[in-house]
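Here the chain labels run A, B and C in written order, and each chain numbers its own residues starting at 1.
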Amino acid sequence: MKTDALLELRDVSRSFIVRNGLFAPKKQLQAVRGVSLKLMPGDVLALVGESGCGKTTLAKMLLDTLPPSSGQILRGGSAANARNRRERTRQLQAVFQDPYSSLNPRKTIGNIVSLPLRVHQQGNPAEIRATVDRIMNLVGLPPRFYNSYPNQLSGGQRQRVAIARALVLRPEIIICDEPTSALDVSVQSQILNLLIDLRAELGLSYLFISHDLAVVEHLASKVAVMYLGRIVESGNARTIFDNPRHPYTRALLASVLTPDPGKGVPDIQLGATFPNPLAPPSGCAFHPRCPLARPECRIEAPPNVVDETGAVECHLYKEPIL
Amino acid sequence: MSVEPFVQVESLNIEFATARGTIKAVRDVSFSVEQGKTLCIVGESGSGKSITSLGLMGLLPPTAKRNATRLRVGGTDLLSLDRRAMADVRGSRMAMIFQEPMTSLNPSLTIGEQMAEMLTRHRGSSRKQALEKAAFWLEKVGIPAATNRLRQYPHHLSGGLRQRVMIAMMLMCEPEFIIADEPTTALDVSIQAQILFLLSSLQRELGMTMIFITHDLGVVSRIADHVAVMYGGQLVELAPTADLFARPQHPYTRGLINCIPIPGKTKPGAHLGSIPGSIPSLAGKLQGCAFAPRCDFATANCRTDTLALRETGSDRAVRCLYPIKPNASPDIALEGTQ
Amino acid sequence: MSTHTDIISETVREPGPWRLLAGRMLGHKGVVIGGAILILVILAALFAPLLAQHGPFQQSLADRLQPPFWMRGGSADYILGTDHLGRDYFSRLLYGARVSLLIGFTTALISGTIGTFLGIIAGYFGGRTDSVVMFLVTIKLSIPTILVALAIVQLVGGSLQTVILVLGFLLWHQFAVVTRATTMQIRGMDFITAAETVGCSTPRILATEVLPNVLNQVIVVLTLTMASAILIEAALSFLGVGVQPPTPSWGIMIAEGKQHLFFKPWLVMIPGVALLLVVLAINLLGDGLRDVTAPEKR
């Protein structure tokens, strides 16, 4: 069934078998549990969550480096399989978090950026060189860097190389996995501005994974909040930031420390213990830390309530808000 | 008679001898902190902020050379202390919290053993007393089931919990002075907020003087009484927090503030302010202002003159030939926020 | 079209990784000394026909057992004297160097290829592949190399080719261990994931992304394996099961000179010192390379 979405996840799950010592029984770690998402053309969909929420695993499944345990991943409406792998790699590319490990230290910048073109045999060496030069110019890298090595570049420059590599096949979607978290503040804004411009110029859509909510609020058109493998709230960025519904989303937003002298540090009542993904809490995974937990939260998994503002998975919203 | 500031640092210089020559990591840094107050040292990588604190605590590696005209904490002249005396002061009167709690905690000792050691060594408590106090402090930092935790090893705990343990360990000796070097940077956002809340309330409760090192201006605005901005090994601006954010005087400070997306203020989807270029190298000959290559207002003098930190108002100082005047329009040559 | 160009930073640009390595190598005493000696030996072996005054097989029974020129009875005709068949010792030494170096290089290459391949696939794929390779390494480690080499060469009959093959298949384990460790480190790095994302096939990734990062370590093990191979060959030839006479090999020369050890010690000492020098040089070089390549690890 063809849909309009560029990228769609339908009830995707992924679990791992974890061995807890030589003699203990093997346990199952459910990193992603029944996630459904849609990325429409032109979206900047931000995937927000903290460590252990499953966003890294989700990204790996989107990039095809990890198969889902169950569920479907659809690209351009059709399910992923071995035959259209080449087409998928052309359509979807990624920029990773660590500019120091995402570039092969023994290869030149030119070699790194041209790799996708050579793998997909797009053009002769002269044409490839021309494309690489053009893209390097587009991302703000001086042409002399073509023969340089990653250790000669700064963190921001390396991230530009990573972006250039992602763009060279003219993808429709770029998955940005914390692309600025490892950079200095003054360089972060350079790269964010670059991403904003590239999106406008090249008509890209982004799946933006980040823990930095200020950046997300600045960039995203849609947001999905993950907690312990599930999406607990999703919808338009503006709506979610102005009016967060899920208690976890509210706590997350309250934790964002904007430069506001005199406001002090908020007291977020979330409790000190972090949940163990190997033994997730019963009912709603968030209930042990939730300031608004009710008796049923411990027993029953919360329903997914979808309305025109978005989706939220919480017992508090069982009755539709009119 | 005014009371001497609790922390006094004057003309601190720290150099490292490396294969590629001498690296001047910290150049002529001076600041002071009043008792019970918090100073935030803000900077990006290469600014020298961490090295400054290590220099203050006497924790520099042997390849480093430190000199200063004045280095006093709580009335004690740190320059006159030898390594052993310094270690004693560190354990009993000063505390330091680092970024990576896993490497600061000994993985082969239980939490209880490590915490108890702090007290038996520096306060001469008995082991039983020490363990009781340890359990008390674990509860105080919000760790549930404290007595059980004492028997656990660091790898049993999550990052946030380990950092709480670090804080408990450091504060157990009730130090007068605490240096926290990016203690929450490696933690999740919600945990960060909780740890900061804990730290600032404990600081107020115990009346400790704190130096907090970070790159996060948001954190700075919420917990600092005063801010010291560092760039390329130099201290470029010193100001009370509200003043710094309302009227930054150094072009770097202003550039940095403009770089951050501020929900509610910066227009979503628009360009953020940015500072072109990258962090300078600290090797080789260093002349003039470290920020000059990236500064929109730099002149030839900026690159050659030796600049001194000049006082520009009550409690304010800036190291710049052309500091920004209070009435200047906020949008000069920097990409706008509105 | 809007672009963002970085201001050209005023930092001193570091040289690239290969140039950095070359610079460090030239600055390290062990590398320079060991490398210089090795190069001299290689050149001497290459130019043996030009340097030797006589052929290595040329017998002259009238001139047998002559001492080297610095001893009484020696002459400029035979600089290092002659052996029991009157063959020029200097010439045999030079041609013997050829044998040693040839065996050293080819054995190292063969075992290097086997070991590096196994190490990389073990480190990259993990799981069962890793278990199998580590099992093979464990077995290999429990085999006494020289004894097995002896046994096989006895069975098959000694010759240059046999020695090379046998040693090639006995000396690969260190390569495997070292490359496996490095590959496992690299496996988790984002540039490997990036290569997968871009659509690189796995063999391509192994060859173009993993291998260049593993080469540093491989070179170190290569030099040290060379030294081992040269020594083991000398031992085998000494025992008569390696290279066969009349091919000059330092081991054979020592064996043949053994009977004259007390009255004509130079017959044993000259090839012995040559062996010592070459193996020492290679070890210096190898240790130096290990020092020089280690700090590059992130």
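Just so we're on the same page, a residue touches a chain if its C-beta (ideal position, glycine included) is under 8 Å from a C-beta of that chain, and two chains touch if they have at least 3 such contacts.
All values reported here derive from a predicted model rather than from experimental measurement.
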Q) If you check the contacts of subunit B and subunit C, which chains show up for both? A) A
Q. Of all chains present, which has the mean Cα position farthest from that of subunit A?
A. C
Q) Looking at A-B and A-C, which pair shares more C-beta contacts? A) A-B
Q | Inter-centroid spacing, subunit C versus subunit B (mean Cα positions, whole Å) | A | 53
Q.
What's the distance between the Cα centroids of subunit A and subunit B, rounded to whole Å?
A. 31
Q: Go ahead and note the Å separation of the Cα centroids belonging to subunit A and subunit C.
A: 49
Q: Could you list the positions in subunit B whose residues touch two or more of the other chains?
A: 276, 278
Q: Can you tell me which residues of subunit C touch two or more of the remaining chains?
A: 4, 6, 9
(Q) Two-or-more-chain contact residues of subunit A, please, as numbers and ranges. (A) 154, 156-157, 190, 193
Q.
Considering only the defined contacts, which subunit C positions touch subunit A in the complex?
A. 1-6, 8-9, 13-18, 20, 189-191, 193-200, 204, 209, 212-213, 298
Q: Sort out for me which residues of subunit B touch subunit A in the complex.
A: 44-45, 142-144, 158-161, 164, 188-194, 196-197, 200, 215-223, 241-242, 244-246, 255-257, 259-264, 266, 268-276, 278-279, 335
Q.
Which stretch or stretches of subunit A touch subunit B in the complex?
A. 50-51, 154-157, 184-190, 192-193, 196, 211-215, 217-219, 237-238, 241, 251-252, 254-268, 270, 272-274
Q | subunit C-touching residues of subunit A, taken from the complex the two chains share | A | 63-65, 85-86, 89-90, 92-94, 96-98, 100-108, 112, 115-116, 119-120, 137-142, 148-149, 151-152, 154, 156-157, 160, 162, 165, 169, 190, 193-194, 197, 201
